[in-house]
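What follows is a single structure, written as structure tokens, with notes after it.
Each chain gets a letter, A, B, C, D, E and F, in the order it is written, and its residues are counted from 1.
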Amino acid sequence: MTLKARWAAGEATLGAWCMIPSALTAEALGRAGFDWVLIDMQHGCMDYETALSMIRAIDLSGAAPIVRVPWNDPGIIGRVLDAGALGVVIPMIQSAEEARCAVDACLYPPAGSRSFGPIRVGLRDGPGYFATANTRIAVIPMIETAQALDEVDAIASTPGVDAIFVGPFDLSIALGLPPGDNDGKPAFDEAISKIAAAAKKAGIATAVLSNAKVAPLRLQQGFQMVSVVTDINALTATARADLETVRRVGQEA
Amino acid sequence: MTLKARWAAGEATLGAWCMIPSALTAEALGRAGFDWVLIDMQHGCMDYETALSMIRAIDLSGAAPIVRVPWNDPGIIGRVLDAGALGVVIPMIQSAEEARCAVDACLYPPAGSRSFGPIRVGLRDGPGYFATANTRIAVIPMIETAQALDEVDAIASTPGVDAIFVGPFDLSIALGLPPGDNDGKPAFDEAISKIAAAAKKAGIATAVLSNAKVAPLRLQQGFQMVSVVTDINALTATARADLETVRRVGQEA
Amino acid sequence: MTLKARWAAGEATLGAWCMIPSALTAEALGRAGFDWVLIDMQHGCMDYETALSMIRAIDLSGAAPIVRVPWNDPGIIGRVLDAGALGVVIPMIQSAEEARCAVDACLYPPAGSRSFGPIRVGLRDGPGYFATANTRIAVIPMIETAQALDEVDAIASTPGVDAIFVGPFDLSIALGLPPGDNDGKPAFDEAISKIAAAAKKAGIATAVLSNAKVAPLRLQQGFQMVSVVTDINALTATARADLETVRRVGQEA
Amino acid sequence: MTLKARWAAGEATLGAWCMIPSALTAEALGRAGFDWVLIDMQHGCMDYETALSMIRAIDLSGAAPIVRVPWNDPGIIGRVLDAGALGVVIPMIQSAEEARCAVDACLYPPAGSRSFGPIRVGLRDGPGYFATANTRIAVIPMIETAQALDEVDAIASTPGVDAIFVGPFDLSIALGLPPGDNDGKPAFDEAISKIAAAAKKAGIATAVLSNAKVAPLRLQQGFQMVSVVTDINALTATARADLETVRRVGQEA
Amino acid sequence: MTLKARWAAGEATLGAWCMIPSALTAEALGRAGFDWVLIDMQHGCMDYETALSMIRAIDLSGAAPIVRVPWNDPGIIGRVLDAGALGVVIPMIQSAEEARCAVDACLYPPAGSRSFGPIRVGLRDGPGYFATANTRIAVIPMIETAQALDEVDAIASTPGVDAIFVGPFDLSIALGLPPGDNDGKPAFDEAISKIAAAAKKAGIATAVLSNAKVAPLRLQQGFQMVSVVTDINALTATARADLETVRRVGQEA
Amino acid sequence: MTLKARWAAGEATLGAWCMIPSALTAEALGRAGFDWVLIDMQHGCMDYETALSMIRAIDLSGAAPIVRVPWNDPGIIGRVLDAGALGVVIPMIQSAEEARCAVDACLYPPAGSRSFGPIRVGLRDGPGYFATANTRIAVIPMIETAQALDEVDAIASTPGVDAIFVGPFDLSIALGLPPGDNDGKPAFDEAISKIAAAAKKAGIATAVLSNAKVAPLRLQQGFQMVSVVTDINALTATARADLETVRRVGQEA
């Protein structure tokens, strides 16, 4: 069942976020049981060839491979779809017009104008890919600027948009808050509510970059695509904590 | 101060273990504050060019870059030293003769027969590298087979050997135990004691692959080079735990 | 003699199409005797560094290296020309204005506004490169959408355009047909005719993605740049056919 | 069912041979339906990191990933097994002693002395890997020199050897014949017979590098591991044939 | 002290220019003592992953890593900043509007609209990165076309622009001169003067691609960011000169 | 004409030495006019895939591609020959027996036991490669240790050895001298003479790592394979000198 179908059925899906340019870590995260694994080509460190190898690693696990592209550019959107992405997160969408461009780049005609050439994904999905791609691929614009917040209803109701994605860091900065989760601060909470309301009205899902601590709250808030782990953060935090523990025990001993 | 000097001064050093072929993760671990970061070219997934980029990343952090080579082969030993490794862990050493070969590959004449050509490390350490390399580089054979255990005294007392490294997984298998830490099982405990005694007698350090849970015990046992975190394990364990937590909370909600 | 000169002389040129990110396959195809070998950065799987290594491999063979860029973007167009491409295929051109932008990105002033810095191609072609580049480089927009078909005359007659390229898959989809060669279907045949007529009127060549089965027809239709083999398709088809043959013979035996 | 089990059951298995350093081609061959896909690190063009990405691509297809290592070296043998190879072809084995070394490198104690650290294959196969690896991995020495031919019985009956692999090119050269399949020439036919007899006597399988034309004969001769396609050869041959066809038709027209 | 601070203090800074996709050469240049080392993603040969490894190598040396992006595109600008670039050179800026877009992509809100996600640079600079990034990063548009020359005052005075960069090759071509340094030719000298005057008026620095021969003149002209060496040119020139010398001596002998 | 033929005709050949893992620099050096370009896999920084791309780049220039392997190991020797190396420099040869192993790895039977599979070089040289390889490939052991010096006559007269290569750095260290050219010091001069005499007696060439300053002396001494430039050294030296010049001029101004 596709992510879109699961969202339509009211399910929440949990994911992992890849910044590390490595198929090994992507495979490890996929096999950890997440519903989807996202390869971040905006703030992560991978080129296209590495991203493609990561999609194969995620495919091995049964998780849905998602890619955040660096920008709302039809060239790279087409390429990650040809690689096998089943969802595309597009950053910094500011308007319905920009959302339409994103949809256009993600879908084959007549719904969009994606160019045909599913070289790698055709290996995975066979000749039936063309007929089903538009219904399987999730188009997910981000809402993370003041302007986008103003236009969130128009963006959410753009035909072809399947979910709107909250980037809490940029959204906070746009609201004059420090980058991060600013739950409890009125401007932040209102923005979250506004985005959720727009999605609900448009009949689409909400999505968010999160972590294990905040994810439960996001699920309560109705988010249906919630990241739980970001690879490099998880590694760094665990390493620092473990080192501190062993250092302390070692010194006490 | 070099690792060798710290060991001679009785200090214990804590490290991180890299299996992931990525300078990003190596940099993250180095900057987390470990004394050394080891790049595992035996069971890890990196080629030489990637290992070299990881050494640069570790150099940025001030941690000492160590490399475990795939085998006791002078070609690859010379290459990782030219890249800037300050210690070499050599797996599957079976005898004093093999330890001598390892030392020989690590040290410039007359102590050994390492070939001169410090292309990258010369950028880092300048023209003084040649004069000081032999005193700075740690040669660290592994003791992980039945035969090595029999010959541990001869290996430990081989001139030029700076520490002997326990691989608990292979050692356990050699002893007929399941791979892992088998503390409490007599055969394992005796092997650890025997290795520690041999090192003590030879006036060198003991080293071990470990983790946050077992590391305190290893420090108590006198190990002076103890790994606390293995990158892919830390990532996988944290990801699985976080996912489980959020899933459970999500379902309870 | 450049491709442009051969087209002007009425010659047809045959090519190979590279989707595989590998200089080995590019070299094999170049040495197979094709007039040109195209590196597909739109639907193929290579990053820029790999594409550059493929251009070297094609240069070894004497075939002309051509690149299809992912999008009509002056950044990547300049980069593939600096790498040594002698022709650029630009996908999804919709209008004369877009064709002008493509020409602009491909040619040095005053004909265009390509930025100067032929780092790698300068190694190949020497200091004379700047003076001759504009006459040697072929600018080849694709006609593959309904809008492009409407504007084909204006696109074909844009100064600096050397050929117009038919993408049969996207063109078919644009016409409401299944992706592929739809010869015999009136909409497809008319589109081909219209494109050919526009090129003829503008005095430029027509080009097409094809295969061994359809290429003879395309040559009859006057196409002067016809691909005969697509690497991954050729490999897959041959492998499947050979496996089937051997399986059948093995079972009969 | 493992290859070894299928061989024991009398089945023949057909495979593809990868020289191209690319996960795309490996995935294409795996998905074409072969029983196994071999990554040739001896005469092929890939480093370890690429080989590992190819193993993932083959895993996606369900075919068994096999690796030919560059030499009978325990370092690289251990690494390809850690990557997930389910069989190792070891070139240029000259004696039972060398075959024993190969077996030793492939199997965990007590059957061999492979070092434990299944970092990537552990992701694929889970904690059960250690217990089953020795029974699942096929150890396949090559018989391709005059000396090996003399010692073929001893090599074939070395405990742990699962199949002996004929390299027709080197074997022919060793016999003073031109490199290739020299069926019909007595020295070649006798060598094949001798190898087959040795394998039969030892109760193991015979394996061979082949192609679509010769494979049926090899199956008749009882080979149970027969390659049908070599990637770069298939691509080159098809490309040359297609080009010639289109050129001829074009000129006739 | 940042480059911007040094420019404000009237200092001139000297740099090296990287076309070679290699962290080894980047490290060598950084350690040679330059104030900054620029990675040229426009005319140089590196992809993003290589550029990132080069930034680490430059960081090791204490030089400031600067990147020239292929085009004025917010996607790649954000990515090189996330990698750790402390300055961005943006080619082919034609107008104040385009300069504003460049500034916007380089700076966090409210000064610009850069998206937050300093994955790698956060490892280097820690949690304080966000607060100081805007003051530390130099935004450096290029003036290299006729139109830019016309609009140079508006570009130079665009808020957030820290320096304007002269590309002598493109500028010369734009002026109808051969690519290169055309000092002494009135059109070129006037253009240089005009750019210098615009910068002075706007209170920002001037920057230029240069070489050891011309750099002293550029310093006299008040340029505060002057490249002295371009890697591939330096290597080629030295190699040709050395070869010629040895050939001549060899023949004379 | 092969290097071997030129040596036999009494010619001296000049070369460039590649430490940088880059086909761009290899191409630049090849096109600078050297007779040969050597890829140093012992002290240089490249893996096999990079080395292969460098060989293609050298092939483009007409220079002969030579590779120094990391060690006297038949696996890597075969691989670099399959990639297209026309000469192999083997470090740290200590005896005639080791020289015989090197020859054995370089030549096809019956002269040696190189395994057949010229995948990439077969693309370059076609089906005739096998018949001519043994006469075209130069086998070049290094003499750089005390033991090798003792056995130099036996090494030089080993059938199949085409030249003996002096590594002045290791040779100096072996003689108790600082690494470098120690001309004028008796031990060094005698060693050079002894090696030259051994080569002369055996009717083979002498070869040496050198630089523009020392090369003329080496030519006078009869060396027929003399390196003139080492890439990273040339780049570093030029960059440092240029920076110093410009700094000085800038400060004087």
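Note that a residue touches a chain if its C-beta (ideal position, glycine included) is under 8 Å from a C-beta of that chain, and two chains touch if they have at least 3 such contacts.
If you're wondering where the values come from, they're calculated on a predicted model, not measured in any experiment.
> What are the mutual neighbours of subunit B and subunit F in this structure?
Correct list: D, E.
> Taking each chain's centre as the mean of its C-alpha atoms, which one ends up farthest from the centre of subunit E?
Computed centres place D farthest from subunit E.
> By the contact definition above, name the pair with the higher C-beta contact count: A-E or E-F.
It is E-F, judged by the count of C-beta pairs in contact.
> Examine where the copies subunit B and subunit E touch and state whether the two sides share over half of their residue numbers (same) or under half (different).
same
> Counting only Cα atoms for the centres, state how far subunit C is from subunit E in Å.
Between these chains, centre-to-centre, one finds 34 Å.
> Counting in whole Å, what is the centre-to-centre distance of subunit C and subunit F, each centre being its mean C-alpha position?
41
> Counting only Cα atoms for the centres, state how far subunit C is from subunit D in Å.
Once rounded, the distance between the two centres reads 38 Å.
> Subunit B: which residues touch two or more other chains?
Residue numbers touching two or more other chains: 19, 21, 24, 28, 45, 47, 52, 73, 76, 119-120, 232.
> Could you list each pair of chains that touch one another?
So the chains that touch one another pair up as A-B, A-C, A-D, A-E, B-D, B-E, B-F, C-D, C-E, C-F, D-F, E-F.
> Which of the residues in subunit C end up touching subunit D in this complex?
Against subunit D, the touching part of subunit C is residues 12, 14, 16, 19-22, 24-25, 28-29, 32-34, 45, 211-212, 215-216, 219-220, 226, 228-229, 231-232, 234-240, 242-243, 245-247, 249-250, 253.
> Write out the stretch or stretches of subunit D touching subunit A in their complex.
Listed in rising order, the residues of subunit D that touch subunit A are 23-24, 27-28, 31, 52-53, 56-57, 59-60, 119-120, 123-124.
> Flag every residue of subunit A that touches subunit C in the complex, lowest number first.
47-49, 52, 73-76, 78-79, 82-83, 108-110, 113, 115-120, 130
> Which residues of subunit D touch subunit F in the complex?
Listed in rising order, the residues of subunit D that touch subunit F are 19, 21, 40, 42-47, 50, 69-71, 73, 76, 91-92, 144-145, 167, 169-170, 173-174, 176, 178-179, 232.
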